[in-house]
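Order of writing sets the labels: A, B, C, D, E and F. Residues in every chain begin at 1.
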Amino acid sequence: MTPSLDGRYDLLTLGETLLRLSPPGLQRIEQARLFEIGVGGSELNVGCLLARLGRRVAWVSRLPEGPLGRIIDGEARRHGVDTRWVRWIPGTRLGLMFYEPGPEPRTSRVIYDRKQSAAAELGFEDAPWDALVQGSAWLHLTGITPALGPSCRALVLHLAALAAAAGKPVSYDLNYRATLTTPAEARAVLEAVAPHLRLLVLAERDAQSVLSFVDAGEQLATAIATRYGIPLVTLTRPPDAVPGTLLLANGEFHYAPQYSVEVADRIGAGDSLVAGLIHGLIDGDLELGVRLGAFAAAIGLATPGDINYLGPEDVARFHANTIGGLER
Amino acid sequence: MTPSLDGRYDLLTLGETLLRLSPPGLQRIEQARLFEIGVGGSELNVGCLLARLGRRVAWVSRLPEGPLGRIIDGEARRHGVDTRWVRWIPGTRLGLMFYEPGPEPRTSRVIYDRKQSAAAELGFEDAPWDALVQGSAWLHLTGITPALGPSCRALVLHLAALAAAAGKPVSYDLNYRATLTTPAEARAVLEAVAPHLRLLVLAERDAQSVLSFVDAGEQLATAIATRYGIPLVTLTRPPDAVPGTLLLANGEFHYAPQYSVEVADRIGAGDSLVAGLIHGLIDGDLELGVRLGAFAAAIGLATPGDINYLGPEDVARFHANTIGGLER
Amino acid sequence: MTPSLDGRYDLLTLGETLLRLSPPGLQRIEQARLFEIGVGGSELNVGCLLARLGRRVAWVSRLPEGPLGRIIDGEARRHGVDTRWVRWIPGTRLGLMFYEPGPEPRTSRVIYDRKQSAAAELGFEDAPWDALVQGSAWLHLTGITPALGPSCRALVLHLAALAAAAGKPVSYDLNYRATLTTPAEARAVLEAVAPHLRLLVLAERDAQSVLSFVDAGEQLATAIATRYGIPLVTLTRPPDAVPGTLLLANGEFHYAPQYSVEVADRIGAGDSLVAGLIHGLIDGDLELGVRLGAFAAAIGLATPGDINYLGPEDVARFHANTIGGLER
Amino acid sequence: MTPSLDGRYDLLTLGETLLRLSPPGLQRIEQARLFEIGVGGSELNVGCLLARLGRRVAWVSRLPEGPLGRIIDGEARRHGVDTRWVRWIPGTRLGLMFYEPGPEPRTSRVIYDRKQSAAAELGFEDAPWDALVQGSAWLHLTGITPALGPSCRALVLHLAALAAAAGKPVSYDLNYRATLTTPAEARAVLEAVAPHLRLLVLAERDAQSVLSFVDAGEQLATAIATRYGIPLVTLTRPPDAVPGTLLLANGEFHYAPQYSVEVADRIGAGDSLVAGLIHGLIDGDLELGVRLGAFAAAIGLATPGDINYLGPEDVARFHANTIGGLER
Amino acid sequence: MTPSLDGRYDLLTLGETLLRLSPPGLQRIEQARLFEIGVGGSELNVGCLLARLGRRVAWVSRLPEGPLGRIIDGEARRHGVDTRWVRWIPGTRLGLMFYEPGPEPRTSRVIYDRKQSAAAELGFEDAPWDALVQGSAWLHLTGITPALGPSCRALVLHLAALAAAAGKPVSYDLNYRATLTTPAEARAVLEAVAPHLRLLVLAERDAQSVLSFVDAGEQLATAIATRYGIPLVTLTRPPDAVPGTLLLANGEFHYAPQYSVEVADRIGAGDSLVAGLIHGLIDGDLELGVRLGAFAAAIGLATPGDINYLGPEDVARFHANTIGGLER
Amino acid sequence: MTPSLDGRYDLLTLGETLLRLSPPGLQRIEQARLFEIGVGGSELNVGCLLARLGRRVAWVSRLPEGPLGRIIDGEARRHGVDTRWVRWIPGTRLGLMFYEPGPEPRTSRVIYDRKQSAAAELGFEDAPWDALVQGSAWLHLTGITPALGPSCRALVLHLAALAAAAGKPVSYDLNYRATLTTPAEARAVLEAVAPHLRLLVLAERDAQSVLSFVDAGEQLATAIATRYGIPLVTLTRPPDAVPGTLLLANGEFHYAPQYSVEVADRIGAGDSLVAGLIHGLIDGDLELGVRLGAFAAAIGLATPGDINYLGPEDVARFHANTIGGLER
């Protein structure tokens, strides 16, 4: 029996992870002779950034035994994520993503090779979920996990209900992936978890194409909040939209500041936004959440790799409102 | 005797090739400790891209025996170019180009070291030219080859006439290089091949400074077509010119679309344009040629190296008109 | 209907291919930040080296559409292998191998991630096998292919019989892989193909542990030839065994010369041996085959990557018996 | 007040850490254009390997605030070391070491730049030492720490006594560094801590030149154990000495196995030996300690960097006595 | 006694140097696994560029014996700087700077680790200063040197007076560094050297925050010239200021041209400006100085590293007013 | 008129230089994607090492204007060689060498591309040779220079005579290159310079195959000294010969010590030997010359690149007879 974990974690999250392989510089995959090795996975990205912000984070997954799994585990721990609940599975594989950058007018491309990974069979038997939910202040889920397979789907639905029943706030990032699921399935999962959610994050284009909403901007956020009865709805919008990303909180709108960004890497910005939001919301500071989330997302875009190396120096500049420049 | 090659190739091209050496990132040559190795040569660039687009391409040249020659041969074959007609010459050298990138306000520089290369003595005896011309649907030549030496010059003039006599369309990219030839010589060669050309491609600035035209834009294209009696004249224009590159086809103008480009490499864009044009023209689709050529040139500028790694995914996006963005 | 391919290829081979990812230098996978990209696959390695030796080689496989598949295709073509019979499959994956070098007393490790690859479903419908076998002078198979799945197994058995019926010599490299098959299955496949084989290549340790022979060296080779009735049996032996690799040809023994080797890469040496053997045997020069195979294997061990870049200069030195040293 | 840490750690260790900068390959520092970044420090190396072996390890130090300090912290955590007791100091520096490899007949060189580092002022006020010692099963110290400065020296003497008083075994690696201290000082510290030690590790040459013993081998170990009254004395000896490293345990000798090693990096082997020893001794298996320590040291020599990436696969091979070879 | 050095140098300069370590590409320091090695130091940067422009330059400093010091010395000599007056000090350290690039909205950061360096104790006894000043046409100093320590401060004050007394023009770059000194100290040093200066270079923001001026632009320059009585005052201004950098020469304003720059590296632009200015002023061509300085600064920003690799080809383009573009 | 250079240089040398391009690690040229850039040339190698040993060295050559030439010049100056007498030639090329390492049983290969280089036309008009010879204590020549072309040949013959007439010792390294000259020509040049030589260095195999001597070892050295009347003859012998390299000095034999070497690079060892010899001979210490030369050659073999980075620390260890090991 797992001893009580009460008060141990600020955040519990779980899901898939991917080894990321990408060519250096602006090369195309086909012309590469080297791949830079990175680590990704939406929930892990969120967890790493929250750990870097000082939160106590537990991330649960399944990893293949061997050095590839240890690359993931080591990277998570490096940022301060508690990985003790990860299960190590012999004879399985690690999901992969190949990322090709897309300087204009090329297309940035992610080629996923994630089928049959250890994580895709994450399920009830893999962790003491009751104790973990009970021991955590917040539960973060994404729409990727239920799309991985039936055990994952059942787990996500169960955990959302469990957390809500325990009075724990639950966040959910829709994160629609056409290569993993269908709009109908994504919708069905969302409908099942919606009653348990404190915060829903989704892209405007997914709200339209997956959830079949017709509005945009504020009207869209209002329509989503109304249909699903979720207190906090964050709508991410295209880089050049005005306004940009917005958060609807119980009828009131909060707007993310927009930054000029020199893009180094297109992956992971949404996860940085989510981490910033949760960081603020844990302290009950919704405005901070929106602002820090937007700042973290911008820093993430200007940093190579999925995981955001936002540090205390950046946060200090954020609070001092002295972003950018040269410090010597 | 060479057996008949009838119907074997969509494109026959020939000429010089250069090993390209360039410092990584934005370094200057003088500060480099490594050179990235690439492969270039105007006709080879055209041939590789056409092969990537599915065309059957023969490229003829002379290469030095040994590993440096095999780098060239291997790269050409990798893209699907048929190199069986290349002659391997012992004891000769391979031409080189040193490329230094030029972020503003630096100057991008190519330092050529191409004298006495194996390719500079390409001539009649090197291939079964009659059979090759006969067996190919299109012949592509450039103004670089005749500038390499007398045997090359005689060969180019001969092949243009041979192809025209056989009813094969011939394209010619003026590609003026001040370090190889003079305006007078370039003009003389052009005048000799002009009667045999279906398509002439040239830069506006070369039309003015080498061929002594005074007009610009549409007037210039018309003047060129008139003076030389060439059915198709493509005029490339500076990045910020309006309109941009244009094609005059029997009195009618076609305009290349202009793309916003994040430049990764300034070399080879003109060759991509030519390849796109020929690809369309072989199918009789002039409009496709112009549009695909402009797209390929833009992709080429956004890709490191001379050779354009344009792939089927890019072509699909081109046809679907969904260029750029992030695909996952 | 496929037109006749009669006399087109010196060698037909087929099977799986793997993208190889390995850390630079002597790093462990867990500490790597970069992977060097290579291409491998036992039959492809054999095919590439034979193409480099001037043979006309067809290699058949299934590749996933997209840039990863094109890395494989481009590498094969670069060495001169004809890949036109490869089938391109959308939505599938490429097999991977992660290679970790093993300086003493570390263990060199290959971590395979090859399940569900496009190649694992290679089957009758993928190529005009009759025409290909008919058009080729030699058929090379390995024990890896039948271990990939039922369609592969059926195909290998069929092709061996087909080739033998057409009077074509067939070679078979046992290449036992414990992670893919069992001794019983490997034995069953060997027994099924044995009647059709001209040449069997296998490691002494596999003969013992998989095929349950108890002898070693010459006695073992004799026992194998006797049990399976195969005219040519090549037994590879440990680096320090005396004698080393040996070939039993109709009762007569031929011994591979042994080279002092500075090992750069442990993968692919066996494939180089096979290629050298076949090269000699195609010309009926068994002694050359053994000697060139052993030399090529040694050069392969001294060269990074799976594929052997043996070149004409090396072959010249091999024939002149002036191996090694400094040439300037 | 620190709450009880009883039973929390298997090992407590503390001391300096160094960012390690070394040229790639076999380059000399003077010709380098890149430095590979590593992490080192004798106690940290020991702690990381013990954490990798599954032990719960606390490492205490002082690190400069900022990204350089976070490199160290992240690396320690990656291997599973608990760094929560590290103090972060603004405005200080991190110690550095520049390592130049020494292929024969060059000299391998370490250039230290460790003065005025944050860690050099580690002292009583930096951690709840009583609780930490109480909460740990073993305390490991080295002779480097007391040589860093007066606060470090006082701390080491105090902790050795404290642990001994609490019945905790204490190990001490003499690790004499001529650039940090003098023989007289090193001897004085050793004499002060000796009464508290369970295990002393030292190099034979240091026993002779620093501690002025005249014997060698078994006689030397006996003399040391006698003079200082330490139950376990491990004497490391030159690579080619016979016998090699030996452990004298209450009058009985244990001999480390000797491995043939392809050296990738000369730093950290002694720390690996110590970690292996402690790992065995914690379980009361002295023989395992000696054998695993020698194996880990050999693996460490064959691995780039200070920190030993020994993994479960290596340990399994160690126990199965199937070291080396190729595993696929 | 030093023999006369009369007429030997166009420029004498002196001060600190730093080994510069920076992560490749746009990585953050915390995520780096490699540091690119560079050489910097304000006066050395000025000296190297002037040497590249053909001036005879002596740079005096103190360097630690060993390969790290030789990296600095070798780089200075490579550009043509005479380093024979450098003193080599055993057992000291070299100052370091860690540079992290700052693509928007990240902050570019320099982390200095320069305390206790060999150069920080530069003083009277280190060189034959009288002969050196006497033998040089110009003396260049910066505000960094006096901030390094008392011996440096005394030396700078002495040399400024010495040079002025000998009728040699003296330039002074304020170069305020908050981590080295205070506004009060910086002001005090400036006041002491001001009477001896021909040229003062400073940033507008330092004039305001360090020297407490309240004006900006032309008024500020005038106020500075008036307060300190310096004939030539150059005020550098933010990239987007209009006008940009300006030079006030005896009541007359000269304006630096402003270039569009693709920034590769933010460090060293000010030093390039100073070198250009001095180059012009040595020839009495103030207008050339301003223009060349601005051009060199722009080229420096577009070049990786501190030291400006401006070459004769760039200078030729500068004079021909054909900056940028592609030259082939 | 050149002012007197009396007493200015310890060594005058002159000749060709080559940009060296080599693949990283153990790659073959054909598989490389990067070339490491180095600098070589027999006389320049000798000059750089002597400058590193503290000698004042002038090296004369012709370099192409532009960044490639400046790579050479910068490297020479970095090591302290005085390059002021180099002539910069516009529109010429730099000689190249492509070096492929040869781990056993591969062959190490140098592919020269040195024809038509700027240096190949070095001649009387390029420098004030009289003053230079007069101002130098020693003149070093090699057999490569006269093989480059007629102007070089005339110059070498002239300088040898000139120096001898001025009482300056002349050394000559035969350095036979089959791709540049013939045995007959090499012999003819040697015969012409021999009367002027103090020191001849040559490989035993060249003495046999080029000069047609039949002896080996001591007998051979004696025969050479006798035939050509040269006071000092150094014969380099194969790595495993006993004795190894030997020096015959007026009838007395001196033997170079032989070192165990971990070879990093096969090029330049002979030049290091020559530099060491001259260093000793300048001081009249023939025994030191032989010993230091052998040591420097061994260090050079253990160091990447042509140029030997031997430093004061190595020399100190050489004198202290404490070669190798780990220093910390």
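Quick note on the criterion: a residue touches a chain if its C-beta (ideal position, glycine included) is under 8 Å from a C-beta of that chain, and two chains touch if they have at least 3 such contacts.
All values derive from a computational prediction rather than experimental measurement.
Peer 1: Going chain by chain, each one touching the next, work out the least steps from subunit A to subunit D.
Peer 2: The fewest steps needed to get from subunit A to subunit D is 1.
Peer 1: So if I look at the partners of subunit B and the partners of subunit D, which chains show up in both lists?
Peer 2: Of all the chains present, those in contact with both subunit B and subunit D are A, C, E, F.
Peer 1: Determine, using the mean of C-alpha atoms as each chain's centre, which chain is farthest from subunit B.
Peer 2: Ranked by distance of C-alpha centres from subunit B, the top chain is D.
Peer 1: In terms of contact pairs by residue number, which of C-D, A-D or D-E shares over half with B-F?
Peer 2: D-E
Peer 1: Once the Cα atoms of subunit C and subunit D are superposed, what angle does the rotation have, between 0 and 180 degrees and to the nearest 5?
Peer 2: To map subunit C onto subunit D, rotate by about 120 degrees.
Peer 1: Please flag the chain sitting at the greatest distance from subunit C, going by CA centroids.
Peer 2: Chain E.
Peer 1: Where the centres are mean C-alpha positions, what is the separation of subunit C from subunit F, in Å?
Peer 2: 46
Peer 1: Any idea how many Å lie between the Cα centroids of subunit B and subunit C?
Peer 2: 39
Peer 1: Can you pull out the residues of subunit C that are in contact with at least two other chains?
Peer 2: 25, 28, 30, 33, 66-67, 70, 74, 311, 313
Peer 1: Going by the contact rule at the top, pick out the subunit E residues touching subunit F in the complex.
Peer 2: 65-67, 70, 74-75, 77-80, 311-313
Peer 1: Can you list the subunit F residues touching subunit C in their complex?
Peer 2: Residues 25-28, 30-31, 102-110, 112, 177, 179, 266 of subunit F touch subunit C in their complex.
Peer 1: Which of the residues in subunit B end up touching subunit F in this complex?
Peer 2: 21, 28-30, 32-37, 66-68, 70-71, 74, 93-94, 96, 98, 100, 111, 113, 115-116
Peer 1: Tell me, which parts of subunit D touch subunit C in their complex?
Peer 2: It comes out as residues 24-25, 259-262, 264, 295, 298-299, 302-305, 309, 311, 313-314, 317, 323-328.
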